[in-house]
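When the chains are written out, they are named A, B and C in that same order, and each has its own residue count from 1.
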Amino acid sequence: MDTQLTLTKMHNWRSWALTDTPQSRRQATIGMVYRAWLQFRHNWLAMTGFLVLLVLFAFAIFAPLLATHDPNSQDLAQRLAAPSSAHWLGTDQLGRDLYSRVLYGARITLGMAALIVAIVAPVGLLVGSVAGYAGGWVDRVLMRIADVFLAFPRLVLALAFVSALRPGLTSVVLAIALTAWPPYARLARAETLIIRKADFVSAIRLTGASAPRIVLRHIMPLCISPVIVRVALDISGIVLTAAGLGFLGMGAQAPSPEWGAMIATTRGFILQQWWVPTIPGVAIFVASLAFNLLGDGLRDVFDPKSE
Amino acid sequence: MKTVSSPLGPRVRASVSGISAVFATLLGLILVTFLIGRAMPVDPVLAIVGDRATPDVIARVRLELGLDKPLLVQFWIYLQHLAHGDFGTSVMTGQSVLADIAQYFPATLELATAAIIVSVFVGVPLGVLSAARAGSRIDAVARIVSLMGQSIPAFVLALVCLLVFYVKLGIAPGVGQQDVAYEGMLTPVTGALVIDAAMDGQWDIFRDALAHLAMPALMLAFISMSLITRMTRTFMLDALAGEFIVTARAKGLSPMRILWRHAFTNIAGRLVVVIALAYAALLEGSVLTETVFAWPGLGQYLTRSLLNADMNAVLGATLVIGAVYVGSNFLADVTYRLLDPRVK
Amino acid sequence: MNIEVENLRVKFASPSGEVEAVKGVSFRLGQEKLGIVGESGSGKSLTARSILRLLPSQARLSSDRLLFDGIDIQSADEKTMRQIRGKRAGLIMQDPKYSLNPVINVGAQIAETWRTHRGGGRKEAYEATLELLEQVKIRDPRRVASSYPMELSGGMGQRVMIAMMLAPDPEMLVADEPTSALDVSVQAEILKLLEDLVAKRGMSLLLISHDLPLISRFCDRVLVMYAGRIVEELKASELSAARHPYTRGLLECLPSLTRPRTRLKTLERSAAWSA
């Protein structure tokens, strides 16, 4: 009796979400997201990426619960131990448990990626929409600035930037964000140029809406889906760059278990205790791969013609 | 009737505006490096002369840099220095940074060029074939390879390659550009050991250098191939969907001819831009891979300078890599316009 | 040369099952000008392209008979098809901006067709190209030959297409909406050009269009297609005596200067036509 009721409820919700005549903006948005989800589900590669990411995020969030040891506690008697039941992935050169360190490292890497995206996407979106809507010299100036940053070599510049300031997570995040925002601005601008010619924009203007309101409430929301796709495709590169900076000692400092830094400090052991530098490397690879699969899947759903 | 304009005219005009954009970018790059140099919490003078310099030296350098003057004047002084090729002196090596760069850059270029050649000659045909047989097994293989290359960090792959090919299988020689036994036996002409050895006829040095070049180059090629193959495939799929391909088939042309003469020529321009992007990324990525392979290039120079807080060297190398990056993108753009009559 | 088509079907796979775009079409084409008229989605383009097997890769072709001068198109291998395409039958499409290769100059594209089927060196091919361009009434063949497709007007582009397809001296030409992308004044010129060349060379013509009066003026026979089927087949001269309600509907919708009406008629479709 209970399952029957739940099934009916689910069925009702489905028809509500997928209706052709949504009664409210919220209903329309939910319906759109649900339809995209149904299409996304067919792509098993993308689903794999998505699930792997869920697992990684779970690892990051629940690291304290899932870790077997304190990531920073050293046990010099157990240095460079091979994987065993005591230390699931072995230990590093100071006897620290690799499994726990990788778990906590996920927090750092995924946190950095999330923070960078949280900065870069809104800023790029705003700059691009404003440039596209305002046109004229505002557009030209903003786009010229964007082009200049777009042409910068991201890694090298981040390197110089971080080296001048204090090495650490904030510097890495800022440095990457500085060169990562231009593509979103260009994207938002391209979309805005198309949207602003639409009739509904003229209609809203006729009702007396101010330019900032038009840009913020009407144009920017429509630019979100290509931005999401682009974000998903970009994140894997951001993860790699951040790991690279960590590898060069520019990111989180010891004893922090940042994956790139872990590889840097242990790479001398590649010849004998090869798992010590390799395991964090695999972690970076898995994260990046998952983001790539997710990004490809999202692109196929939202914007199959672009690349 | 439409008049046929000279195809060169508008394209040259577009390139010129491209040059001004490049200069703006380079200026921006110089400005950023300048600001980084001045914005450090460390005293820029100490960063340049090291903390063991005498007070006279410190005073002299402070005067030279014009640190007492307003920022804009300082920038102007900086620009003038750069225009004369004066990147300052390296604390680490004691020579001028420019001399250092001239010494180390060729090795990076050698590695990057070797890698890009391999990735183009393997990656482009793979992408073309992949598109021609979309959905087939070779397509799946190409896409998986692309995905792997896109997701793996270069320095991790470098370590793994060392582990597998050097330690476990013993087919690759050790790290470095050449065996210690051969060091210093060759007077550098181009700085690229392989070329220099061949030109000098020293074939044992040549073989050794080539053997040392092989693994890093192939590894880097694998990574840049991921971009090149993927973009080739995407561009080709797009071109093959065009109406003109139906026309080509209707003309009774052979599939090979349709693929290369008709579809490929459509994408060649855009592909050049992608290859330039990949090359620039290789130069940039040298920072990460050269330390692993002990390759004596600009990347390793940059990382060592970082460790030694040698700001002149760091900024000089950053500027050079940045300038080459911007320059190669610009050249690619120009080539694109020349190859593709559609671009206005 | 004659073409026999019997029970031609073209199917596409779709998320909701198989869709039949051409539902059992049969006709013959001899030494004549045959027109296929229908609206978008009627399957006329697919029918014509099936003869040359130039369908998109997702399409599935089936027929009881599909013969090009006795050659079985359905079972022929690609090599055989390549000897028919270009050499024995040409295809002209709607918009030369898309149907010509945008990065190769038009002279080279014409010369390519000529050399593929006639053999010969570059110089010969170039001379032949210039001559062909003159045949399609282009006044400055040298300049046009060195131009790119996007530099030419629609009419010029179609002339180039015609020249290109006539280069191997084929027996038949399929023209898929050759004038639909052109201005009305240019349309008449291009069609007249086609008519002259086809007559002079003794070729067959398969003309596809959605424009009924145009088809009736230039063709000997007309096939009317609707929803993947042929609903009527008649001589162009006897068009006014058409009997199928769809054809009648089309005829009656045409506004006329000689018989003005107060209200324009619209076509009322019946589900029976697609049964």
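Note that contacts are C-beta pairs under 8 Å (C-beta built on N, C-alpha and C of every residue); 3 or more make two chains touch, one makes a residue touch a chain.
All values reported here derive from a predicted model rather than from experimental measurement.
Q: Please identify each chain that touches chain B as well as chain C.
A: Where chain B and chain C might share a partner, there is none at all.
Q: Give the label of the chain whose average Cα location is farthest from that of chain A.
A: So the farthest one, by centre of C-alpha atoms, is C.
Q: Return the distance between the CA-based centres of chain A and chain C, expressed in whole Å.
A: Distance between chain centres, rounded to whole Å: 51 Å.
Q: Just how far, in Å, is the C-alpha centre of chain B from the one of chain A?
A: Inter-chain centre distance comes to 26 Å.
Q: Of all residues in chain B, which touch chain A in the complex?
A: 21-22, 24-25, 28-29, 32-33, 36-37, 39-41, 147-148, 150-156, 159-160, 162-163, 167, 231, 234, 280, 283-285, 287-288, 292, 302-303, 306-307, 309, 311, 314-315, 318, 321-322, 325-326, 329
Q: Enumerate the contact residues on chain B facing chain C in the complex.
A: 1-2, 4-5, 7, 242-244, 246-255, 261-262, 265-266, 340-342
Q: Sort out for me which residues of chain C touch chain B in the complex.
A: 52, 54, 78, 82-87, 90-91, 93, 95, 98-104, 112-113, 116-117, 143, 147-148, 150-153, 156, 161, 164-165, 168
Q: Can you check the complex and tell me which residues of chain A touch chain B?
A: Per the touch definition, chain A meets chain B at residues 144, 147-149, 151-157, 159-161, 163-166, 236, 240, 243-244, 247-250, 260, 263, 267, 270-271, 274, 277-278, 281-282, 284-285, 288-289, 292-293, 307.
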